[in-house]
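Next, two complexes with chain A in common: one pairs it with chain B, the other with chain C.
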Partner chain A sequence: MTIATLSRRTLLQAGGTLLASTALPTFAIAQGAGNRLIVAADSEPKNLNPAIVASNGVFFSASKVVEPLAEASFDGKDGLAPRLATSWEGSADGKSVTFKLREGVKWHDGKPFTSADVAYSALNIWKPLQNLGRLVFANLEAVDTPDATTAVFKFSKPTPLQLIRNALPVVSSVVPKHLYEGTDIATNPANVKLVGTGPFKLTEYKPGEYYRLTRNADYWGKGEPKLDEIIFRVLPDRAGAGAALEAEEIQLAAFSAVPLTDLARISKVPGIKVISKGYEALTYQLVVEINHRRKELADVKVRQAIAHAIDKKFVVDTIFLGYAAASTGPVPKNAPEFYDASVPTYAFDTAKANALLDEAGYKKGANGTRFSLKLRPAPYFNETKQFGDYLRQALAAVGIDAQLINADSAAHQKAVYTDHDFDLAIGPPVFRGDPAISTTILVRSGIPAGVPFSNQGGYENKELDGIIAKAAETVDTAARTELYKQFQKIVATDLPLINVAEWGFITVARDTVQNVSNNPRWAVSNWSDTALKS
Partner chain B sequence: MRLLRDLVRTPEGAIGLGILAALMLVALFAPVLSPGDPLRITGRALLPPFTDPAFPLGTDRLGRDVLAGILHGTHTSLAVGLAAALAAIAIGLCVGLTAGFAGGLVDEGLMRVVDAFQIVPSFLLALAFVSVIGASVPVVVLAIALGAWADPARLTRAQVLSIRERDYVASARVIGMHPAEIAFREILPNALPPVLALSAIIVAAAILTEAALSFLGLGDPNVVTWGSMIAEGRNILRSSPSLSIFPGIALVVTVVGVYLFSEGLTKALSSRRLEP
Partner chain C sequence: MNRAIRLIRRRAISSIPVLLIVIVLTFLLLESASGDAVDAYLLSIGGGDATVAQSLRQAYGLDQSMLARLWLYFSSLVTFDLGWSVAFGRPVLDLIFERLPNTLLLMGSATALSFGFGSALGILAGAKPESIRDRVLSTGSLILYAIPSFWLGLVLSIVFAVQLRWLPTSGIETIASGKAGFARALDIAKHLVLPVGALALIYMALFLRVMRSGMAEAWALDFVLFARSKGLSRSRIVLRHVARNALLPLVTMLGLQSAAMLGGSVVIESIFAIPGFGRLAQEAVSGRDAPLLMGIIVVSAVLVICVNLLVDLVYAALDPRVGASEPNT
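On to the complex of A and B.
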């Protein structure tokens, strides 16, 4: 008997150690439960309300619960698919937009969804509180609700419908008025215990472990959602996601949770697929930010020389392992509506870079160096740091001595965007579907110090500022697009910053997951048609 | 000289000294063995080791020569390790000597400061120091020294406390020698040997701390270090383990060398003290 007890105790202890060492919740019936999708999540945002925080980290889980008026689409009209709104129309003067809303939609708590919710969200949350809504709805004055399924947005100044359309998937998450009205919105408990109209309800959140999303049986989409449950399992270690996929502990890892360097290997594992589609509307741009206060860098010849010194092919092939594209200008190719290829380009040419620097009057000194620069690579991605290492070497080849300075995120942002303590910085800004709310911020003048991810390099170009201001008020889509084409030409000619490459994320999934990456912001869309093949 | 002879006579001392001498040579001649910036991109990325005679240990993610990195890394590691240990021992000796010799309130005060530094884990102290001030070689040296000076300070104080009661110190006092002269000419030389034996351990710890700081991205990004090489290799550990293994081996060899040297030194010193 003693022996039996002893061995059982040992076994239990060993089991306990094993559990503690992995420290992961085990979903014992993971495979048997049929329609449960388990996804790797790498962060746990404090505020889960996408109407307030329009960021990918929040959208990743919250977009399944709280829906926008429209979602991005590969083949829909204007690149949109209807969600809570079924149609939208702008007036000729650009001062009003009319949304027709979907009928028969219910909140997760059973109350009906009406135009009052949209009006409340727009005026009380999107415009005053949301990081991006502030820009898009800056001139929003009122939202009229003639009936329960119509919302008319009234603007004090012309606001282009093109901009609103492009921003809709990101800025228009609707939250229930009946839970927010009369409360302090920022601290409302519904910011964590989300109540939405989406295909899934947030039913459980265990900090450090997982989010459980359960099927919404009353969802307006016919036959949707197809999954019974989605588990977002928190796996902060990037190396862990690949192993968890191989062990079938998770079925999907989005947002490049599996590092680029591991993709070649994991793509050969049977039952696993690597997908680079589905991030077209979430394009990151690799940008060299320039401090124009430095005398040398204020000279356009020096900036052109730096552009010629960078081998974009090396950056794409070696740093991004081919999962990126070389940039030509400030608008990525993934935005075909605006993209203009006919801009000046800078081929990799060390001799020409050297000649330009000589011409600018910065001859090589006795030690082969022309001048010295402070280079600050952003620490957010491995790739930005590696590009920093590369850029230092590329500049050394043309006689510019770049001294790297590494810092954590907070110190980097303070040094670059508040203190301007940099000569060159490497940043990964996001292209958000419309130049008015993304790339123009990096070159426009007059932005106060301290605004992160904006033009803090002291660059000022009146002509460019004029075009940006005019485009912000131009209602006619064709004329507005033409203005942004001019904008691209000027930026590519004058080089207030240097666009090097653009990239999206990678999804790695098991073969059983279906309908993956079927829209341009798939990872942050509602997944109502995602299914599991048994 | 006799110390050196004693040292070489112990097997640990001989091996340790041999390894350290070899590493010193590599560090000194790294610019000759592989000229130019070791962080230069020179070849195709991720060349496996032992395939191309131009890159005997292969290349890393960006196409930098791994061998060049290891050779130049020796210089960084040894320089930082020695400088940090030197700084730590200098501070420790001064503080310990002052505390032990002065006694009283000065002793109490200084020892409480030493306590404070001993309580905080030295690696955390270095981490905080570097992340606040910014990473560069002198800052890293200072950060490591800050966490390492407390031990030699305590040891020196204990030595001084015992030595200052000896007869020859009393006679020096009687003949009217200046207290500072007594401290530096009579007490310090005799308090030094055990502290020196400790120094080798401090060097080894300093080399490891420097590698750990670089591994966490808090080293100077403009010089190559073994820690940063291991950190960069970590991302592709499963496909190219050699990128982390080679600098790891270099680190192990160095630290083992320093430890053996320290063992030998301790033995040599104790055998010398046993002699009349």
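On to the complex of A and C.
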């Protein structure tokens, strides 16, 4: 022990002297380091191209480099702020949408950005290759480019402008045609060495260590970006981000990289702020997925009983430590455009749950249990695992014996979404601004096995399917919204799945970081106005 | 010298079946885990439809039978081609050579430190078994050995990096610092103090205990009695007779521990965000990346075999009995 201390001290002393002697050349290289934001990152996606992979893990770093047509906004028209598009307008028949594009925008390699890039991205990447774009642009037939700043999307079937608008921030990342045309898009080197129009250029990637984003001096935003550099530092250990923040090695950790249980403590550290805003358009939902192939679970009374057995307030207060809200149905409160509060709700009531189960004909046996279930909590979040433990106890209280099966991510994925080897599963689906993007798929029938985050519980409701199909081609915004209100009512009544809670993530930042969380997708937006106060 | 060459040849031949078994078992183990690379990938991107999954499985070769894939792997392995990592989209060999130096640095320094201090303290303790000094050292080592490495790593990090701010919390070097040459080496050394300390302290306890018990046993042996009756000085007896004999099991331990250390570095590398081998292995398993995991296992196995060979050579040098009676093949 003593020897370790000694070497540490000598090292530090020697280090200090040496650093001082080499300080000059070092600082010449790391110029502007004073205006460098260092952020914790927990994953290194192999494909960084947000036009192909529309996921938060990719957007987190890539959204600063490659921009969408529009970004989500707290106060903008339609909840959007213009980015590469300055306006959008749909035709009355819903078969075309016209985008006016920003003028004078340049790619990071100096070539001009034009409508040809948008047309290429839409037809060759978003529609055929992108995980979410396949759905939103399923009926996209052509993109006309009458001039360099106009792109007209033509659809073969009426496609609601409301859906397109809501999807824009997620599905419309534009990549340069001149680097992709004529190449194998999936293996194009630009998928890793991104070239975009954003406020930052991706200048360095050291696997396992960091991504370096450098200020784009030619950015179209006036006086932006405010930062010289953003470094995404890979910190795989959850305790690591908090420690690095406290030691001032990083200045920001988003996506709850600092675990909820550490927040109370770290919020008391001087110079550190805890922010729960800025994830309104990335709401995650805590959902009990139900396998309707199980005879007991096919009975709506049993599903209602399970809903009554769950104390949502306890889940929010104890598992999420208050950083969540109880759910009423499949659309979260953060989506006021669609949210309908007037749906059947299921108050925590063990007696009622017991009565419903008795009524359904599942009386308690001699050992106090009615039947056994296989319960698989998704391992992706601490909270989904913890809710698994809670649900087991809650079900035991009404005489249902749930056997927990914990597996790692890939195994859970296969068991639930391909093999259907579950009775109840706990999943964290995401609400992506419009129910048609990734919410209706959770209850719609006819989805082949193997599609993750979809209805794999064998639930089938013709009426619900009809509403979903109708909404998909209803162009009128008010009528479409009304259909989704009906959708919520049916889901909350028939309970194909049980929505328990909804949550956004937490950002923890040093006080010096400014303009944090100023839009509903802040962590995955371009950070052009983010600044550091020295 | 002849002895050494014979040993190396024998070991090289016998390691081939070991490697084969390791590869097949790893393959089967990963195969028996539910879910494949496509499941893991789709999860990481938040889902995708059935046609994506289908085309990805084709691209990764996962639509072929298990035997066909194993055969493919072996046939490329004989040309020293470790294949293509599906989770990273890069050649396995590149990934391994990128990460291996960090792990070797971590493991090497931790092994050297723990062996050095462990045996030195073991000699101190074993020089006079049952003395106060021995009791203190033995108890201390027992406590150290009982501490899980991840806990020790976190505590060291909280105390020395977060509170005292003497050392960096994590990483292998200051990111994007532009340091070069000696300044960079020093920077890396600074970053390694805590992870190496966490890893070394625990293994040090192990070496201390083995050394100490070996010495305690040796004291009772006839040749020590003889040395004492000959009137040799106590320090000479301790170092030349007792310690040297007690060193043999320690060297054996060193070989065994090199494998354990490779495993232990997984935890330490995650805590201290060191882009090393252990973390790569963890990512390979969670990504169900068979080629990468097998590449890692093969390289690790080769590494362990090499270390053990070295240990045997050292053993032979320390103990003239080893290998002397082997037939001349």
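What we mean here is this: the second predicted complex is superposed on the first by the 502 of 534 C-alpha atoms of A that agree within 3 Å, B and C clash if a C-alpha of one lies under 4 Å from a C-alpha of the other, contacts with A are read in each partner's own complex, and residues count from 1 in each chain.
Rule of thumb we're sticking to: a contact is a pair of C-beta atoms (placed from the backbone, for glycine too) under 8 Å apart; a residue touches a chain by one contact, two chains touch by 3 or more.
This structure is a prediction, so every number in the text was calculated from the model and none was measured.
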Between chain B and chain C, the one with more contact residues on chain A is chain C
Does the superposition put A:430 against chain B (first), chain C (second), both, or neither? second
- [ ] Using the superposition on chain A described above, determine whether A:407 touches chain B (first), chain C (second), both, or neither.
- [x] both
*Return first, second, both or neither, reflecting whether A:386 touches chain B, chain C, both chains, or no partner chain.*
first
**Asked** If you stack the two complexes on chain A, which partner ends up touching A:318: first (chain B), second (chain C), both, or neither?
**Response** first
Given the touch rule stated above, what does A:261 touch, chain B (first), chain C (second), both, or neither?
-> first
Q.
So in the superposed three-chain picture, is A:444 touching just chain B, just chain C, both, or none of them (first/second/both/neither)?
A. neither
Check: chain A residues flagged as touching chain B and also chain C 239, 407-408, 411
Chain A partner, complex, touching residues on chain B are 37, 39-41, 45, 61-63, 131, 134-135, 217-218, 221-222, 235-239
As the complex stands, chain A meets chain C at residues 3-4, 7-8, 11-12, 14-15, 18-19, 22, 26, 29-30, 38, 43, 45-47, 53-58, 131, 134-135, 186, 192, 204, 206-210, 212, 229, 231, 233-237, 239-240, 243-244, 246-247, 249, 380, 407-415, 418-419, 430, 438, 447-454
Chain B partner, complex, touching residues on chain A are 239, 259, 261-262, 264-265, 318-319, 379, 382, 385-386, 388-390, 392-393, 396, 403-408, 411
Per the touch rule above, chain C residues touching chain A in the complex are 33-37, 39-40, 42-50, 52-53, 59, 87-90, 95, 98-99, 117, 154, 157-158, 160-162, 165-172, 175-179, 182-183, 186-187, 189-190, 193, 197, 201, 270-273, 275-276, 279-280, 285-288
